[in-house]
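Common to both upcoming complexes is chain A, partnered first by chain B, then by chain C.
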Partner chain A sequence: MSANTAVAEKYRNNFLKEIEEQVEMGDWVKMCMQCGVCSGSCPTNFQSAWEHPPQELFMMIRAGKREEVLTSSSMWNCTSCYNCIVRCPRKLPITHIMHGIAEYAHRLGMAPKMQPTRFFSGLFWKNCTNTGRVNELKLSMGLYFKDGFVQGIKNGMAMQAVALGLVKAKRLNVMELFSGHKCKDQKGIQAMLKKAYEIERSRKAAKMAG
Partner chain B sequence: MAKHEYAFYPGCSSQKGASASNYLTSVEAMCKTLDVKLTEIPDWNCCGASIGYAEAGELPRHVMNARNFALSEQHLPGQEIVATCAACWLGARETRERLSHSDTLMADTREALKEAGLIINEMPNIRHMVEVLIEDLGFDEMKKYVVRPLEGVKIAGYVGCQTNRPFGVDGESFENPQYLDKMVEMVGAESIPEYEQKVTCCGGALAFSEPEKAQAQIKDIVESAYDHGAEMIVTPCPLCQANVEIYQGHVNKKYGTKFNIPVMYYSQLMVVAYGGDAKAAGLNGQVIKARRLEEIAAKPVKR
Partner chain C sequence: MTEHVATNETILVVGGGISGMTAALEAAETGKNVVLVEKNPALGGRTSQLYRYFPKLCHPTCGLEINLRRLKGNPRVRLLTLAEVTGIEGDTGNYTATIKIHPRYVNENCTACGECERAVEMMVDDPFNYNLSQHKAAYLPNAMAYPQRYVLDPAIIGTADADRAKTACKYGAVDLDMQEETIQVKAGAVVWATGWQPYDAAKIQPYGYGRFKNVITSVEFERLADLQGPTGGRILRPSDGKEAKNIAFIQCAGSRDENHLRHCSRICCMASLKQTHYVREKYPEDGKSTIYYIDIRAIDRFEDFYQKVQADPSVSFIKSKVAKITEDEHGNPVCHGVDTEGYKRYTTPHDLVVLAVGMEPSVKGINIPGHIVADSSGFIEADPANGAVFGAGCASNALDVNRAVQSATAAALRAIQVVNKVAKAEA
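This part shows the complex of A and B:
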């Protein structure tokens, strides 16, 4: 049984409960009173419109629209500006709920595979936890080559002027490709993260069993 | 002994050859003048930033920040942690808040930290450099060292998101924070309190992954600065600085604009006003050169 079928079985028609138990800050969702301030405060919803802005996602969760919510590209439009959090009259930690739903959809393998911010988000975390510190050059290269080699070269060319400007200003170092900044105790970091994932998985599993 | 001492969390972008290396250069010069001693937390790691959320989960993300707390406690006991980067500050503060409010999360974090041979006993205070300047030193103290006021320079104070929300600086409003304008006035320049894009999001990580969305916002931020007659923009955040500065060429191509406005850090303005040269202020790190500041930095100091 896939991870997705397992949770779908367990929570059946109670998607709200699933979100409450499996998503970071998910227990706040029921507090939403549908005022729409979050949607009206969101910079990317304002510029280009989310498929489902936060307020709508909250209602969809209550309505049990599991598939639509988890496969949506919406949550991945969050820029982490925290405008929704500070303006929400019910004090819902909306930014964190958006990240939480996105992470959950990603964990279940339901998030849109080629959504660029989903891709970048995973890339960033791997990049920074790999050595303990971000390697900015590898991070950018990884993103440009997301859709294959040819597209990668094209993307690189489009960014040439920006990259050159940064190199000249000594704010981008081409040597980072071979030897970047890193932590000394990388072993300790890996061990600590492995343990953290183990604990988190067992906590979520306990909720499933309970 | 220095007047003020802190455990310093510089963050990834401040490192040599990284995107905000000139921020660190100017902070070092600024702190020297103000007699603030920053001691780097040995072997500090990335905060995970807000964009790592797809794979970070809850506990792993907090454990990353907690490792820095533990290292700080071990090597620099009793010192508050100061971050210059908005994301580092936010990430660490969020972890501090979550761990302080949940015994389970705290216990789990301690268990994970053991794997790296580390332990936390006390939760450190997490401060942003601007909090240190405003709260621990104060505007009067900061102003004392101004020997080369930036007279006649009009500067748009762009606070951005993560230095302002969800925590922000005490006593400031989320919608219209004033401290950056006061800092601009403090160095003798002219502020633009009515600059209405001061807390608009620059697009954050979406500037990389979905540039067209971020660039629409960057356009608003820069356009408004020009509309108010600004000669340059100043910000406390490394990602705001980079996004608003380096994509102006792309915005120009897309929208037919002719933007070419320098984007500075508050610390760079202060170093120049304190009599430092262009190098100490990290002015060579600008992609869009701040000619006006370079000229001022070359002038003799009024003693």
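This part shows the complex of A and C:
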């Protein structure tokens, strides 16, 4: 049984409870009074890119629309501007809830695979934990080639002038593509991260079981 | 003025709005002596500044008139106007209040003939109209002011205008030498009925009150609709005097908001529903009201009032708290937000936006004896620790006129019980 079917079974017909218990800050969702100030204050133009504004997501959670919420790309579009948190009359930490739901959907393997924010987050994390330093050249290359080789070349050509400018200003080193700079104790960093993963895994497993 | 004989059997009522007047009269009509203290030059408080009451849509003149008649016929109420309680000392059954009385510069010879008003030239802001207009510095506070007596604004004292007012008065009523006095009054019990103040709308930054002229508050809208108001009862917008026919009402402007007032102010939904009647009354052909709301709280028996407004085709309801107001090139306020029914963004211009501002207790920050227990919003709680200081009306909760009167009657009863005990102990 996958993690997803296990929790779906556990919280059958009570998605709000699932969100409350499993998602960071998820216990705040029930406090929403559907006034709409969060969405009205959101700088993201959700009409085209953002399917469901925050208060709609909260309503969908209450209505038990599990599949629609977890597979939605909406919470991935949050830019963390914090307008909603500042203005929410009930002081819901909306930005954090958005990130909490996104992370939960990702953990269950339900998040849209090629959603750009999600893709970039994964790419960034792998990139910087590998050597303990961010390799900006590899990071941007990875993003360019997200949608295939041909699109990657097109993206690269489009950004050519910017890249050349950066090279001239010595802000970009072409040699980074081959090895790249590292932190002093690469093994130490990785051991530390391994331990952190272990702790996180055991905590989340306990939450799922509990 | 200073020779009031007050004893431990006297009830001190602080605030002369509808609650204070009610408490004072209920107590006086059972035979108790009452000292009624009012900060303004006339009684009536915020109720007298309304155009109409809900739900019957009658004019407050009517309800106040009944109370003023009761007051005029009752020698047991001693009224102090332009007076503020600056401190209370003592305990249940034995309080001493310090009262500061500001000079009116007009004595009881005044017949309200208005000669002084015609004689002076200086204009000052008119607080009765929430400073939307100005009046002469010698003025009658409002058309049905009680006491029906003129007031000189302190700003004209020492100017030629003051002398002009004095010369114009045929009755020797203008007394330019009046001084501020501080008196002490004894009382067995205190009814604290200082009412409410509209929440400072400028604090709700995204709504632009104070920055956009055509964003006003609900209390200011009452004055625009009133025949005695700054526009003579025509709903004109402040920026250009144009007739405002397409009006937006924004509910919960400050209320139910942890960043502003955490309580529901209870009256604002009914007030806005009532104000849609004003729009239809003034512009029966093409008046249009839009109510932006979270949920309409037309409590208990007011539900039918709400249903009637819903049936009115000139009123539309949008379930959304407006997120932001901007101004377009014609000076129209534009409401931005997301409609919770369908989750669609809207950007809607109106002629005028009325913010249904919440009720803030006016006890906040005022020096009443240190042990007063208030709730998290600053309203006075009914608590034994308060001794014989009883909150009444909007000093104790966000209430409409009807409920404020009930609350004041209850407070009067508590005060009567205290002074009865004092009387027995002394007998």
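To be clear about the criterion, the second predicted complex is superposed on the first by the 203 of 210 C-alpha atoms of A that agree within 3 Å, B and C clash if a C-alpha of one lies under 4 Å from a C-alpha of the other, contacts with A are read in each partner's own complex, and residues count from 1 in each chain.
The rule is short, and it goes like this: a residue touches a chain if its C-beta (ideal position, glycine included) is under 8 Å from a C-beta of that chain, and two chains touch if they have at least 3 such contacts.
None of these values were measured; they are calculated from a predicted model.
Student: Touching A:89, do we find chain B (first), chain C (second), both, or neither?
Tutor: Second partner only, chain C.
Student: Considering only touches as defined above, state whether A:40 meets chain B (first), chain C (second), both or neither.
Tutor: second
Student: Which partner chains sit in contact with A:118 here, chain B, chain C, both or neither? Use first/second/both/neither.
Tutor: In the superposed model, A:118 contacts chain B only, not chain C.
Student: Between chain B and chain C, which makes contact with more of the residues in chain A?
Tutor: B
Student: Which partner does A:55 reach: the first (chain B), the second (chain C), both, or neither?
Tutor: A:55 contacts chain C only, not chain B.
Student: With both complexes overlaid on chain A, does A:73 touch chain B (first), chain C (second), both or neither?
Tutor: neither
Student: State whether A:181 touches chain B only (first), chain C only (second), both chains, or neither.
Tutor: Once the two structures are laid over each other on A, A:181 reaches chain B alone.
Student: Just chain B (first), just chain C (second), both, or neither: which does A:22 touch?
Tutor: Touch partners of A:22: none, neither chain B nor chain C.
Student: Which parts of chain A are touched by chain B and by chain C alike?
Tutor: 47, 86-87
Student: Hey, which residues of chain C end up touching chain A in the complex?
Tutor: For chain C paired with chain A, touching residues are 206, 252, 256-260, 294-295, 319-324, 336-340, 343-345.
Student: Give every residue of chain B touching chain A within the complex, in rising order.
Tutor: Against chain A, the touching part of chain B is residues 12-13, 15-22, 43-46, 48-60, 63-64, 67, 108-109, 111-118, 161-162, 165-166, 168, 174, 200-201, 203-206, 208-210, 212-214, 216-217, 242, 246-247, 249-250, 284-287.
Student: So in the complex, the part of chain A that touches chain C is made up of which residues?
Tutor: 33-37, 39-41, 47, 52-53, 55-56, 86-91
Student: For the complex, give me every residue of chain A touching chain B.
Tutor: Interface residues on chain A, with respect to chain B: 24, 43-44, 47-48, 77, 79-83, 85-87, 93, 95, 99-100, 102-103, 106, 111, 116-122, 124-126, 128-129, 132-134, 136, 139-140, 143, 161-162, 165-166, 168-173, 175-176, 181, 183-185, 188-189, 191-197, 199-200, 203.
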